[in-house]
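Take a look at the structures below.
In the two complexes below, subunit A is the common chain; its partner is subunit B in one and subunit C in the other.
After this line comes the complex of A and B, so read on.
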């Protein structure tokens, strides 16, 4: 039993927006895998629910000129079995596999994962690395904004009153010219929240294993109050051979992250893990970049 | 012969199809829900409780506080009653308390039309406290000047024993003396079905409690004691149980739901949330100091152990736990002298009680860590060191003074060495042990355990068999199925003696203390061992009655008749079939002039206690920069006597091994030392391992034939959990050169050790 104050199940996105606009306390609920847990714990903030689960406007995935559009109601299970998403955003699929367990992935949505503002959202690091955009619709109309900057603090995002996230948009990894990698460091291999999540995207100037880093994008979860990109480390890596870039990143990371000490893990331990994961993910992403670049060359020579 | 056959569990299909009915599936119409009001300090006295808002909430039926309950102190521990008052469990509980002894202690209870209303009402009760000092560390609690959590002081009990020789003299003579101090965490059972019970009255006198318990007959007695009722005024019904692991070898909600049904005259249920279940009973954290002396050739001469066991806010099983752990150790390396001393201490932590292994996992952890210290000091293969010291059949257990008839430990080590590929893996792991990132290591550890509680407690078991009209036999046992497969092995035993297919046995899985034969229940890995003789005796008696009736029907003497494969045959010519058992049964029931319902009931006391043995071989991979240990392979080898059912035995072993990996690497209930509040009493923050965290778990058996077991069998319930943790700790030491004297070996705990050992270059 849940202590709902009000529960609405709109039949269209328009109705959902109207219901949210009418009640400033109402929250949209998609998969419910976070909200129902909080409601069970007795949080009053979640007592008024607008259930957007299954709204047809939020479903489905499509591609348009190399841009992947993922309906915010897409479950992680659907994402993982989508050949389209696997082709265009393999990094996101790699991260989706780390979300909880099969039952949760069958109901939790990518939209909920982003909009609940969690610092440990598994999809946040890949979406930050891939420079994803968010398509929101609200009482004042729609807008398209970058994900970077959307997270304001723990549990807080730049979602305006009455707004609903309609889709997430990502330019394909191939068009962005990136090799990517994501790993979640957690205390167990499933059914866990991240201690640290790390995603890297790398473009090298050539396909040598120690090639010059043309571009590095690095993102973490749980390394700061929100999921973060690492501008200082990214800048430090640019133009360096990979092995030097990795060292430069380790030096610069302090500027980009602020892991905290809690009973779950000490700050110095988290910082050590951040550095270790950064190195491993950058190397993996570079390796993938080099091997896919090699594949493309082979394809051209045939 | 059904013994040793891989019989499918009798309840497998009912459970996987969801047809099996558990306590909450049996709620009576009109049942009310009750929720505890819990203390929000770890230690304090309740000064005032304002119930007005709770009582005003629509749907609330009643609120009771500590002022409303019987002033009868009771002991909830699930032990058989003891005739010796000095051996009785510590009676330190009231149904509700005004002296809050841990964060979440039960100070009141709300009864309402539904659970949500009851929860809301409970949250509306304003409580004021006089706060008292919070003691979470047993060393502080043992101090002379420490605030007394209970009137008798904070030491529940302390005692010890010394057997097998003069320990001090032997330590002085030893070529090598090693020592260590080891710590184990507070952990929790995490049984799938939470703690649930409901109660109702069908007349003015008697209370029925339906509950998820391991110990229905003990539960009846304790409910009677807690409420001041004659024990037979209480009836306990135990349907299918979704796991207990010892948490339900304790009387939990039953006295409260009985009290509420009695007070209100209406059915009342309680179902603890996972968060509540996780602070209801735990495993004792222990700190164990040990010294052991060895001869140059590796012989263990003497071991001295001193254990402090943290039992939390109330005694529950109290001192029995650490005491049992020490006592069960002595049959493993029986040539050594052992001196053991232990103290059990109250603190303001949740209550520690019985949990799979019952003190042995902690004590064996310390013992096996000491052996690894010695292997290092003596530069010996840790497996060889154990082989040298393992007991042999006929050795005398220095603690009990009795010969150990079957001692398969040396054979377990031999079989495991081969099957696991110990020598090859150890050599292969060594090559990785200078690598900067990924290293491998191997470890081995042994255990000994018992097969019941005798002579510490009584061992009594009852079985009733009834021949049905269709020739099937109904079996009722006082011993309980709680998920471990007890019903199936009882059926196999009866089928073996009666020479019937197992499918001809109908086991009544529900225990109902009004009708079920007496047996204290599922604990101490006792049931297969002590129920076996009762099944055998009852089956032989039923068989004799069947043959007597066959004699009446055929005119031949019973001695000329035999029961074979479900038919009555001539003893000398088994091919000559007189009739089927069904034909005989119909005659016995319905012939107007002869026979009757053929039943047999036997209550048997077991006056032996065979030790069981085994060992764990493990390989780990350590990702040093990530401070993470992964178990890559694990083998348990068990001497549990004759294996009654190889499928369920293997499952039992694998379950214990998985639980032990959790204890060694993942799980601990974390308590804020200042507030006494448990931080992670939920299954997200309490890191029980998942399937992805476990390797393939290999299991092998060395089958001895234990003469005292009804069917040659010994214990297997708890043993699989006992030896993996020290083996894992040893393997991590082998892999990294870093020796941890504690568990769990979580990444955050290994980080400072690895850093200090210089393994994490660049880590600040």
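After this line comes the complex of A and C, so read on.
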């Protein structure tokens, strides 16, 4: 038995928003893999539940003019088997494979992963790199906001009272002209929380893998109290040949991150991992950019 | 209280439940004690059951969510007194020691074998690493996992019963 004090299962999104608006303490629950654990641990913040599990308006994926729309209730398992998502946002699929184990991926949703506000959410780095937008619906209506800035602190997000995340919007990686890569450093290869997660998106000025960096986007999880993008390192890389860009990033990075010491890893060790993963992911993303650009060239000349 | 209908191991049920119940509570109250509570927080997989053929942790799943769904536990895998091919593979490989993890593992393997077949994956191409990743949500304190990997391999290599049926009924 979970210690709910109240439980409602609305049949529509409108009803769900109304129920949340009526009770400021109520929380939406999707897959429950964060909330139900918290309840087992005896936390009182999740005693009033509005159950949005399986609401049809939050399910499914679609694409419109190169923009991928992912319903917030989409599970990581559903993402990983979606050919649409694999084609348009391969970086997100790469990260989804790192989440927990099969049973959790079968119930844990992307919406819950974002709204839980954790610094270690595996979807955060790819979504930040891909400049994802969030489509929220609440008592005041609908709004579309960038994910960047949504995280306010550990476990805190910029979700207004009564709001529900309806979908995540991502412009396709191809349309954004990026090669991408994500990796999670953790003690175990599965069923473990990240010590550091790192995602990179790279566009080169020419199609060589050591070409000039036209744009770099770099994001980390667990490197600060919230998932972060790295504006200083990104600016330092711009306009440099890849090998120099990687060095410039390593030097600039400590202005963008503030890794903490915990039982998992000491702060200086985390900083070492951050620099190492940044170099690896930038190089991998650049290689992928070059090979997809080459493929494109071929397709065009055929 | 909440009323729901679902099938458990192919038998239809109409149940009245407390909305605070987990699927684990529901199933154990029905006498299905193969569903074990190890950790209660999604870490160990001892409570794994299939909901519409998808493996979930019954300890982190609301009973209310199974309305209209089909649940499978290890009790229902025995047909006409015969173990399922996956169960038999665990016996043959010696993959059962204390047995606490076994029902959950068998359900994870059952879902894994079924999905490999649906995707038309050749068992030859499935590596021990793939098998381990597919079973990463189930802990076992006794076996050291090697015999479990062998059991899964044996289960994958058995002929597909659904294909055998179509062949035998083909003219």
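Basically, the second predicted complex is superposed on the first by the 302 of 302 C-alpha atoms of A that agree within 3 Å, B and C clash if a C-alpha of one lies under 4 Å from a C-alpha of the other, contacts with A are read in each partner's own complex, and residues count from 1 in each chain.
What we mean here is this: contacts are C-beta pairs under 8 Å (C-beta built on N, C-alpha and C of every residue); 3 or more make two chains touch, one makes a residue touch a chain.
Given the structure is predicted, the values throughout are model-derived calculations rather than measurements.
Asker: Quick one: classify A:36 as touching subunit B (first), subunit C (second), both or neither.
Answerer: A:36 sits against subunit C, while subunit B stays out of touch.
Asker: Contacts for A:263 in the overlay, against subunit B (first) and subunit C (second): which applies, first, second, both or neither?
Answerer: In the superposition, A:263 contacts subunit B only.
Asker: Look at A:51 in the shared chain and tell me whether it touches subunit B only, subunit C only, both, or neither; answer first, second, both or neither.
Answerer: Once the two structures are laid over each other on A, A:51 reaches subunit C alone.
Asker: Determine, under the contact definition given at the top, whether A:101 touches first (subunit B), second (subunit C), both, or neither.
Answerer: After superposition on chain A, A:101 lies in contact with both partners, subunit B and subunit C.
Asker: Please work out whether A:158 is in contact with subunit B alone, subunit C alone, both, or neither, and reply first, second, both or neither.
Answerer: neither
Asker: Examine A:3 and indicate which partner it touches, taking first as subunit B and second as subunit C; both and neither are also allowed.
Answerer: both
Asker: Between subunit B (first) and subunit C (second), which, if any, makes contact with A:191: first, second, both or neither?
Answerer: A:191 sits against subunit B and subunit C alike.
Asker: Can you pull the subunit A residues that subunit B and subunit C both touch?
Answerer: Subunit A residues touching both partners: 1-3, 101, 189-191.
Asker: Name, in rising order, each residue of subunit A that touches subunit B in their complex.
Answerer: Those residues of subunit A that touch subunit B are 1-3, 42, 101, 185, 187-193, 195, 250, 263-266, 268-269, 271-273, 275-276.
Asker: Quick one: in the complex, what on subunit B touches subunit A?
Answerer: Its residues touching subunit A are 114-116, 119-120, 123, 625-627, 666, 670, 672, 679, 683-685, 687-693, 746-748, 751, 755, 760, 762-764.
Asker: Once bound in the complex, which stretches of subunit A touch subunit C?
Answerer: On the subunit A side, the touching residues are 1-4, 7, 9, 32-33, 36-37, 40-41, 51, 53-54, 77, 100-104, 106-107, 189-191.
Asker: Residue numbers of subunit C touching subunit A in their complex, please.
Answerer: Residue positions touching the partner: 18-22, 25, 40-43, 45, 48, 54-57, 60-62, 64-65, 108, 111-112, 133-138.
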